[in-house]
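Take a look at the structure below.
Think of it as A, B, C and D in the order they're written, each chain with its own count starting at 1.
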């Protein structure tokens, strides 16, 4: 296999499909032709892609939780509760971590143990093990648009089963579901495997079935600078579009500084339009997702509500198409359905109260937009160059060179040379820009911002500052000031 | 008695003091000379006025709850819990409603019933009945600055007892504790009675004991336009300053539109400085208090957390000196100490996360500042004129003429001719400006803003719109749109 | 026309000054075709009874928001009995007790005090009007 | 110098990819004077044991954040026994079970599995280092 950003032919696709469906017995249940018919029976109001398009048109910000348990009926009850009690606009099915690592035997075992224990011992819904029939039980018993949310480097079988099962949205990507989620899987491999997923969605599209795709924006969720996650999001969007995906949602994880967060969403929209057009993908509908703070949360539930509400406010003011909602249990464990609904309701209250309040682009926001766009262009154009005009090839070389680099990533394919830290206003900057292909101006900008803060704290910039920032929000602050935390 | 805004002589003050102390037996415990000595023993960190001055200097926003129960020990436990578990910077003692109406017998009965029931049947702490000795138990057992918060038209005896007891801050005023809290007590009467309280604080000041005074900013707490509450706040500030008060906190109740709320605090600071200087009160320290939404709350606790957090965010971005915090129980009942602490912690989390984020004056904020200042000047200058240069006299005539008018006020001395409603962005405007002495430009501004909204809702401005707005936040929105609520 | 309209006494009892709900209720109940005798806030028990007698009202709507309802509302029914209007409709609503409390408890307590209907916090006027109409119709005091 | 430093094996067990805490722990424990053998994330039980044997480590620090700790951490102690390092210190920490759970319950469960110390979610490295030093000192493996 030679990796390139080129639409797979049907032959290339079907050549490997058989083996994939054999990876677990339930693969045999998949019948694409029948699946297309099944999708036509799904009512529009339960259609994820259509709901997003409507929201974008009306300037709405939709709420979506994370949720998944081991057993089918429990999972159905959970989702319906979040829909009715939590007033969720969009629903997820979060997949368990064994399935994410293709460990279906362990997942089976988790299902059995969960049945015995009478509570879910899995941190998500093992869709592959439940198979097409099981998945359809969920689709048919839940009244709302449903998306598969996971973190799976090789999500090909999962994709085949859940799409055949009737899901209308599928999260993930060859970079965003490798670098934060894996340790030693090569990018060639995951990008290639995700081309399969995108091509699968493309084939659904060729048959008139629109499936939404969403690269995982927040990556490691911990002090990721907007330009880094934006670069990954746009590359994955382009790779998906090349395989024929038509409905794409690009994501960003809240950093916490209001101006930077609003600017990040605006910049993401503008950059995506720019690079999609530049690369000739003109028939995709692009929407955005804002993730409430993805790093360490305060254990105190009231304080967690504060963090959740601030994320809701930023999402609403930035006018993101949807917001992924955290819960008051975040720091401690997978939320109960009640805690999950609470996060959704607090978020809904703020989104509704802010829906009528436009937030004009102040000069502060515009400055952030400009720097994010400048940084992202530096990265994307270098990736393109390294790939000799191919974003798939370029991505592999770019990570090897540290041109693309994700802070705190577990993958050995990320250099981990960059070190983020907050500036004196809480915006996420780079204390060390590593090998990011930034101009000297940009490098100086970051140095000055970090020095500004260091001076105000009377200490030198250091790794301790990074650590302090990692803990800051869980300790009740945004910036990890020395004496305060 | 002829009411005028003129500092009382000691003779005038002491002439009526005897009778006041006789209103209830505990009045006999008051010995001012001894009280001065007692105050000197109060450590600086428990000193309300000093803590506010420090906060203003450091640009902090301090948190303060509302809290009060019938019995002394329960009240002490409550306050200490809010201090330690709730991380409250400032502490209150909310007085019960019988005491507020000088119904000390009913208060006594409430104390007895509470002892029997084993829970507080009073909605606050009956300080007069507990007397100086009882009050000092509280002061000495609680580690934090303490303020008396009430709603008492005639608060003279309450003032004598609580100040002698060691409180270092006293809320209220002749207008703000009459119009929203009484039905048929004349303004001459309450302004006169509050001159007594202010003079009392002035006499403490003459003896080197600084007591903070705070007019009650939010008034009826329900869609009160900033210029209306600012006018009352500044008049009461001036009346207090005339009697020798040196440390004054002016308040404002959140309306819900971010730009209007930030502008309101900025305008309040600027107007207060301007009018205090103009009237020759140059040695007062002025600070501000921002009240989280004072109108109807959602019953759902998660949604209440959303409202609380938004209030915390606005207070922090406006850089108010302190914020009065609501609780997740607001819509249903006096909060448990746990619920009260939860409101405080959510608020603290947001204030800390926003402390490092300056919010520069955008043009939207500046526009709101300008309109608030223009409106307030119209009102204040007319009041001054009606009183022939005397704000006390002017206030009485102004309310009679509707030049000062508070929406939804129970007092028959408020004309209730003005009707507030939200504009299309959720800012509180006037659907009917009544007799407010506004220029034609300002009247047109309000008319246009309301029409803008009415058009977008496809209905005529009407009282129904006002009602919809009163319910809106409790129903999960800011603006009471017809189809949505 | 005016004179055929059924009269309803409305007020906020005791030392309670919460006026917003009172104004909205008065507005809504009037709009619904009743004649509202609104005593406003800070109303002692005797005023409710006297107003009802003077105006020959068919119902008394007592509001208590501030938490002292438990103390303030006791004995109103017997007062009515003593004054010869023992059969008058008595509704009570608002935030009746101190603290967030299970409503059924509160309801029983106030039904026990002799109120015909007890309302949860934040109830909307429509509900109240509907109940008024059906209760009064039963008693032949109201017909649309 | 290098060679006298007591060796500690560190890793995140099972299918768990949470890396941030692991990096911070490695940094802090190294700074505290130990030599950290950091296996990173996604570490199977056998790798912990093999690494401990190869490096003659005195303690194994097992992290599980993602909720499957209950399943993943079982049997590690007996594996150590079988491999002849039965007396090695075993610490476990993170968000060990699925859901917000009373910690004492969780603690008993994992102590029962043979871990010497079980840590609450969000514990700070300082605490861990302090415990390591005292436990190892008791065993004569560490002296400052």
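Everything below uses one rule, namely that a residue touches a chain if its C-beta (ideal position, glycine included) is under 8 Å from a C-beta of that chain, and two chains touch if they have at least 3 such contacts.
From a predicted model like this one, the values you see are computed outputs, not experimental measurements.
Trainee: Can you list the clusters of touching chains once subunit A is excluded?
Mentor: B, C | D
Trainee: State, to the nearest whole Å, the distance from the C-alpha centre of subunit B to the C-alpha centre of subunit D.
Mentor: 55
Trainee: For subunit A and subunit D, what's the span in angstrom between their mean Cα positions?
Mentor: Chain centres of subunit A and subunit D, defined by C-alpha means, are spaced 30 Å apart.
Trainee: Between subunit A and subunit B, what distance separates the C-alpha centroids? Give it in angstrom.
Mentor: 45
Trainee: Note the residues in subunit D that touch 2 or more other chains, in rising order.
Mentor: none
Trainee: Which two-chain combinations qualify as touching?
Mentor: The complete list of chain pairs in contact reads A-B, A-D, B-C.
Trainee: Mind pulling up the subunit A residues that touch subunit D in the complex?
Mentor: 97-98, 100-101, 103, 106, 109-110, 113, 119-123, 151, 180-183, 220, 222, 295-296, 299, 329, 331-336, 339, 408-410, 463, 467, 470, 474
Trainee: For the complex, which residues does subunit B have touching subunit A?
Mentor: Interface residues on subunit B, with respect to subunit A: 256-259, 298, 300-303, 305-307, 309-310, 312-313, 341-350, 352-358, 360, 362-364, 424-426, 473, 476-479.
Trainee: In the complex, go through subunit C and note every residue touching subunit B.
Mentor: 14-17, 19-20, 22-24, 27, 40-42, 66-68, 70-71, 95, 97-101, 121-122
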